[in-house]
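What follows is a pair of complexes built around subunit A, which joins subunit B in one and subunit C in the other.
So, the complex of A and B:
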């Protein structure tokens, strides 16, 4: 099962090496050695760090590295486009740097470190010191073998396929994003969509205030509903897609908009056409890698949107209040409350249906929260891998922080914990739902948030 | 010093500068996002309070202005060259430049260019200029001025915006810091069938010592002593009297400004100096009319003492409610508009930018698609002729014509 899970990551790693070898022609040996070393160190580093520190920390390091590389890709792709369209765009010695062996080695080792870390994060927790040592060793060995396989494959590629540095970076980052998108804690697309959703909301709100546009009260409902579309998760998703794909599209445009060589000095029409046709053919070959990056980024979005993770999301149990307006949930009912899982309930009262859950956090504390946050529409939460996830905006919330108010955390509800179980006031629960959650349903007054 | 100045100018006018500034603020945004959910507001506050950040943002309008000057100068040079007024032609201003042996006559070149739809002019000094289509230069100027206005507006708005929220109440003086605004004679609110707005709100203010009477609507917002009058939400200013068994002297009249619109929305007011709290709602009319429009208002109330609910009921404006020793009266209620007085010169610049950019886009599309500018210039210098070509669109066809013309001549030397 673990081997199956590792296959896409190892395929991505092999492709990375293949691209590195072609992207740095004549530096095959250096790229091979540094890629092997990087992958081995990445694997070992992740395993060591995850044993010494909470597992979230090495994962955060990998996620941050992939995030930074994505930002770097943005910078490079904008630069590439400017370089194609502006005659005197300054390069500050980047070309010289990219031609040096240092760039090849650095790229190989960096890709190896991250890819090794991602692959190692898929290794299961195995009992026994020997087994714990053997699994990373096998992984590092497989990574090294794949490097040599990639070197063999690279020799068979057509010589017309050249990879400019910007396209190489695009493809490498796309493969890293693809590899990390299948792991819930490494995925970048879902958090990006969420941030875009919040960013667009803030921007539109501030923009409307800035140019003194009146509130919804005065505006025609269809217009306001159209504005309200800007606050939905769909806009976050589409905005996320724009940010996600734009670097690869800019790389494509950079190649496409590159001016053809000047042929004004050639006085034979046939010769001129030959020169230009050759330039167009080269251009077409140079489009292959950005197109590949675009495809891989699309696959990463698919993996992120349909993760192979099953969320624990029990059907809410309907409960009723006592004549005194108290809700009681026994500690040792059909399902014990201290099993560390979400226990969802539904209370109908005061003309409202209130969904809430009880959860025992990893430190043993009970918490009662609405199945909704103060920001998003109340789509509720699911539980997976030490986290709960907001279904609306896909924000991951560590179990340790559930019960704390703010952000996309579930809204905590005051309750009393006794020997027999959890007691809470029905009116307080309904008011909490009405005040906090109902405000997020309408796209009216505050437009969502 | 001169070289340093030139370097600074070329940096400020560089097309690489805007993406660098945007990238910098994007990085800052990402950094701020790690610490707070209110990322944009925090970033705006940071920029407002930091001279360095404001200066970095100011590079954007500065860059727009420098580009405007640089592009206008380049256009001027090209025009002078095309009209033969300038003897100097700068190859950097053209897509292609080639040096050839001068032909004995321009007749064939002229004929070929005319057949391709170019306007050909022959000037003194052996100059042949050909042009076709409309230049995008004015559009580009509109766009650059628009961008200058936009980023200047954003900058001015960020660093200097001041907002003073006041309640504009019918029959009360128009609120100003100095307190001598005219009387608010009427607040009228009604339905209209606008393209974007469906309600109208007009605050009619009588003349004061300093100013004549004025009317303030919704959009575009009116101005009063340098401030935009920006209506935010509607409410009711009501006076009420409460007496109760434990407040023998409690029947004094009090005033509350409550955001009670639309009908059904609840607002609370604490009765200062007493343990009582009043929750009020503007009741819906039986006939379906809007009480804020008609002025016929009835209020649903809840009287609470701490958490204990003492009374509920309804009182029409000007009426009272009496039960169990409690007497609640609402002698007067008036329309109220909570209004922001916004001191912000950036808003005008942003509006101007919107108009200029929209105009630029509307002109750019037909010009670029249907009539792109294409130019050629042949300049004789002794036995040689220098040929220049540039196109703002339709480059491929234009280059084809240019190359064919060059085939008529002999190449002397590559540029």
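So, the complex of A and C:
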């Protein structure tokens, strides 16, 4: 099962090496060596760090690195587009640097470090010192073998396929994003969409508060509906897509807009046309890598939107209130409440259907929360890989912070914990739902959600 | 005359039991106009197809510009035909629904990229500046053949092959086409190998070889 999970990451790694080899022609030996070293160190580094520190920290390091590389890609793609339209654009020695062996080695080792780390994060927690050592060792060995396989494959590629540095960076970053998008804690697309959604949400609110969008009868429902669209997650998704794909599209445009070499000095027509045709062919081949990057980024979006993760999301148990208006959940029911999993319940009262859950956090603290937050539509929460996830905006919430109010956290509900179990007041529960969750739905309806 | 553009040794082409071209040793210097004569079925077109890379021999060697042609794969042969050879056929083989200039541009397209201005100039060189937009059906036989010449030379070939290019033309048109070829050869310095069964046409060349039943039987220098 672990091997299956590793396959996409290892394929991405092989492709990265293949592109590096082609992107730095004549540096095959150096790229191979540094790629193998980078992957091995990345694997070992992740394993060591995850044992010494909370697992979240090495994952955060990888995520931050991939995020920075994406930002770098943005800068490079804008520069590439600008350069394609301006002759004699100053490169400040970048070309000389890219032609040096140092650039090839650095790229190979950096890609190897991140790819090795990502692959290592997929290794299962195995019991026993020998097994714990063997799994990363096998992974590093596989990574090294794939480097040599990539070297063999690269030799079979047509010599017409050349990769300029900007396209190489585009493809490498796309592969890293693809590789990380299948891991909840490394995925960047969902958080990006969420940031866009919340950014737009806050921006519109600022407008409302500054009365640039007056809450007046003059604002008719169709206008509210249009404004309401800005609050949906779809805006975040499409906005995220724009940010996500723009660098690759800019790289494509940069290649497309690159001027053909001047042939005015060639007297013979056939020779002139042959030079032109060769330049056009080269240009077409140069489009291959940005197109590949675009495809890989698309695959990353798909993985992010439909993660291959089985969420723990039990069907809510319907409970009823006592004549005194109290809801009781026994501590030792069919399923004990202290198993660290979400226990979902449904209460129908006061004309409402209130969903809530009980969760015991890893530090043993029990919490009762609505199955909804105060910001998003109440699509509810699921649980996976030590986190709780908001289905609507894909925000990941660490189990330790569930029970604290604010942001996309589930709305906490007052309760009493006793020896026998959890006691709640039905009216307080319904009011809490009405005041927070239903408020977001009402706002949504008013605004055309 | 410079170095040899064509060198064959024991060049043979058989179709089953029929030997269309018997072992042929031939050398053609660069820039020569070679006429190939013979009766129908004597192996003239077979020889031309082999030199043009349209067919592969059964045995023997064929060097073009010092390079062995038979070692090339299909892509290599296509590149050879595209960049090295221009061919003029008796039946013209012009695309009927394209204009004269488009027919010439089609050859440019398969060679590299089309360039209309250059195609127009080529047609003007063969005296068809006023017929650029006419389709083949709107041109006389002689005019069609001149379009074929423009098409054949547009990619600056080193070798121009003609398979009875004047076979369907009247005397006046024949002379016009041959004069045009002679003029272009002087300007472009390409080699011409022209198959014909007309002694008068063959005499336009520097040298004539005679094939009979696939065998080279005689050769003579032109006094022209």
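Criterion: the second predicted complex is superposed on the first by the 412 of 449 C-alpha atoms of A that agree within 3 Å, B and C clash if a C-alpha of one lies under 4 Å from a C-alpha of the other, contacts with A are read in each partner's own complex, and residues count from 1 in each chain.
Here is the rule we go by: a contact is a pair of C-beta atoms (placed from the backbone, for glycine too) under 8 Å apart; a residue touches a chain by one contact, two chains touch by 3 or more.
Not measured: the values here are computed from a predicted model.
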| item | value |
| --- | --- |
| Partner chain(s) touched by A:269 [first = subunit B, second = subunit C, both, neither] | both |
| Contacts of A:141 with subunit B and subunit C, given as first, second, both or neither | neither |
| First, second, both or neither for A:153, with subunit B first and subunit C second | neither |
| Subunit A residues touched - subunit C or subunit B, whichever exceeds | B |
| Which of subunit B and subunit C A:227 touches, first, second, both or neither | neither |
| Which of subunit B and subunit C A:277 touches, first, second, both or neither | second |
| Shared contact residues on subunit A - subunit B and subunit C | 269, 272 |
| For the subunit C and subunit A complex, residues of the former touching the latter | 83, 108, 111-113, 115, 118, 121, 154-156 |
| Complex contacts: residues of subunit A adjacent to subunit B | 71, 74-75, 78-79, 82, 86-87, 89-90, 195, 198-199, 202-203, 206, 210-215, 217-221, 223, 259, 262-265, 267, 269, 272, 375, 406-407 |
| Complex interface listing, subunit B residues touching subunit A | 14-16, 19, 23, 27, 29-30, 33, 37-41, 44, 92, 95-98, 154, 157, 194-201, 218-221, 228, 230-234, 261-262, 342, 346-347, 350-351, 354, 387, 389, 402-404, 406-407, 410-411, 414-415 |
| Of subunit A, residues touching subunit C in the complex | 268-274, 276-277, 280 |
